[in-house]
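These are the structures in question, set out in turn.
You will see two complexes here that share chain A, one where it goes with chain B and one where it goes with chain C.
After this line comes the complex of A and B, so read on.
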């Protein structure tokens, strides 16, 4: 297992630069979060990995094999995407069987078991499903397909809190029993932050962050106090964001800190992934 | 056992501390089995690597031991060892903070001692 390597990939749509010389590796047997604002290039990247789009430049290798028009390499990847590629009149049952034809390790019994847990009637036509159940149908397929690489593009779209929770639990259970490489693109960062081992943040088609979640969060902190206190404290530090509420100020700072030498009245808090994401991807 | 994402402690430390608490209160008994990495990860919705890191601290400290193919168990003598360790930390974790806060509020030495007495009688 060598993971998925993206080397210098560029993609344009007309005048729009969707991905600009992107290089990164998705490590084998790890859970990655692919985060970015709307239009940042997340889906474009996932679609290039799975040959639904082709890069203008650059290469993708999967386990060291070229990913472009290579059935063997593509057979190792499953992309759960927003788009539905199933014929209109197909039922969930038929779609499961169809998937089995393409992915020989697809576990039909497990899929039907999950359908029962989510209360999805597999005799229903895919087109008749609500947004939430459409996502559920796709989640079930992705969790049953058993490819070494599973890519989730907005997996929890339209799911209620109970079903999202079920998805996270099933994902961890599956991953824990039989580790695979997962890439999850989502806007619900807070819910998924603790599942992630690696975090990739894309902004305007470029990779802004690519490192382990733990290393990323230990890189900075937020500091709260009166405006004067905070301004003095952060004077020589790298500040990536500030919020003011009346006379109180909170600054998000990148760098390490010596907690034993804090000035009085200053409070320090850990960074969380969602706050950090918002600070890093805000347009000035 | 609760995981608090606002907590200063990293999640793997919270997992280790939470299991220690459960052992100290008797929720997990000496020589008894504790939940597996998968069970811990699923119930707290955390990456299994994080849960493993927490458990490893306890294994290294001799609080938990693994039986290959069976599971993880609380070591005999874990309770007294944990009490010893926690007592050493008690001053740093509780007393120092107590005095810091008391100074902020202008509570005197005598007043604190009075409150401690009251705490024991209530």
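After this line comes the complex of A and C, so read on.
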């Protein structure tokens, strides 16, 4: 498996440059986080990969096959998109049955089991579902489809905390039992930070960061202690975020640390991905 | 496999509509003779009762089927990894399947009509083909030739009607809101206001030219249905080709 390769992809909508010569590879059997602010170009990229939009320039290959207008290549990929592309008069049950016919590895029993767990009535029409249950319906389909590549565009839109927790748990379970390539585009970075193996940050249609989560998070650290202690410690360091709670302060710092020089009373933790994201995407 | 599935999906999408349509037409065909037979007033004037050109209803019905067939299906196909090319190819199969199905239904009606004509003494039934080409020697005689000609003519007509409906809906999908309004309003203004007014001022020359064109292209004066079939086939090919030009670059809209 070669993964999904994006070479020099550019896409414009009128005068707006949505993607600017984007090149990257989504490695197989990894969980990728596609992060970016609103309008950064995340959904456009996912839509180009899945042949819903055409790139103005550049190519997309899926396991070495062109992804454009290629039924075979597109049969290896499933996009759970923010926009609902299912006929509104269709019931969830019908949608599952049709998906089974389009994707031979779709696990209908698993889908119905998930529907029970999420308390989704499969007899309901898709158009009658609330925003949250619409997301749940699409999550169930995406988790049951068993294609080598599954793309999630804002999967937890409208979900309550319990259902979000359930989705993350099911995703990990599914991935552990049968590894596949997942690409998750979301704004809830804090919640998925622990799931991600690779992080791609996209800003104004260009790739800002494309590296493993581990390598990215090793670029900095968080320190916690009393306000005075933390202020003294970070005085000559690059701080990208600070939180104060009561007498305690947490600062997020970019750079490496020599643990032997750490003063007493200061605790050190991993870099906060969300803070790093905010710092990177706020920079002009 | 995926192509079979999207073909099946598109076909099933029309199933209920086709069944309801057939039931209504059948009910009309049965209801009219029954009403005439059992109504004293009507039965006295049964000589004037004529059921004619009901096949045109199939053409209108399939035109509407074509009109409502694109958007949902296109999005559903993309969701399931079907390319535009496969969708278009299977749509052609669906178009021909529906055209043949309703043509066979029309032939059944023709048989039923002949039965009604024979048993009700006076109620006449004529197909669209025999209405347009009454003087054609082949058509005046009933039998296999009549059925064969009806089959060919209706299949081509119904295919062309669907293809036109599909082209319109695909074109509307590709347009933005401003273009849609301009197109729809412009169409009505041009064909129902401007052209009739100009036609009135130039002593009906436009309508004469249009009627002559229709006459020639359909072989009405010549009473040759094969000219009509040929013209409809060319029309369907042009319309289908134009549809492909629009579909191949269609994208999901926000």
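Here is the rule we use: the second predicted complex is superposed on the first by the 234 of 284 C-alpha atoms of A that agree within 3 Å, B and C clash if a C-alpha of one lies under 4 Å from a C-alpha of the other, contacts with A are read in each partner's own complex, and residues count from 1 in each chain.
Keep in mind that, in the parts below, a residue touches a chain if its C-beta (ideal position, glycine included) is under 8 Å from a C-beta of that chain, and two chains touch if they have at least 3 such contacts.
Here the structure is a predicted model, which is why all the values come from computation and not from measurement.
Partners chain B and chain C, once the complexes are superposed on chain A, both fit on it without clashing.
In the superposed model, A:214 makes contact with chain B only, not with chain C. Of the two partner chains, chain C is the only one that A:102 touches; chain B does not reach it. In the superposition on chain A, A:74 contacts chain C only, with no contact to chain B.
Using the contact criterion defined above for the overlaid structures, shared-chain residue A:54 touches chain C, although it does not reach chain B. Once the two complexes are laid over each other on the shared chain, residue contacts for A:177 go to chain B alone; chain C is not touched. In the superposed model, A:195 lies in contact with chain B only, and not with chain C.
Touching more residues of chain A than its counterpart among chain B and chain C is C. Taking every C-alpha atom of chain B against every C-alpha atom of chain C, the smallest gap after superposition is 28 Å. Comparing the two complexes, no residue of chain A contacts chain B in one case and chain C in the other.
In the complex of the two chains, the chain A residues touching chain B come out as 31, 165, 168-169, 172-173, 175-177, 191, 193-197, 214, 269-270, 272.
Contacts from chain B toward chain A in the complex involve residues 3, 5-8, 10-11, 37-38, 41-42, 44-50.
Per the touch definition, chain C reaches chain A in the complex via residues 1-3, 5-6, 8-9, 72, 75-76, 78-86, 249, 251-252, 254. Chain contact summary for the complex, chain A toward chain C: residues 47, 50-54, 69-71, 74-75, 77-79, 81, 83, 85-88, 98-99, 101-104.
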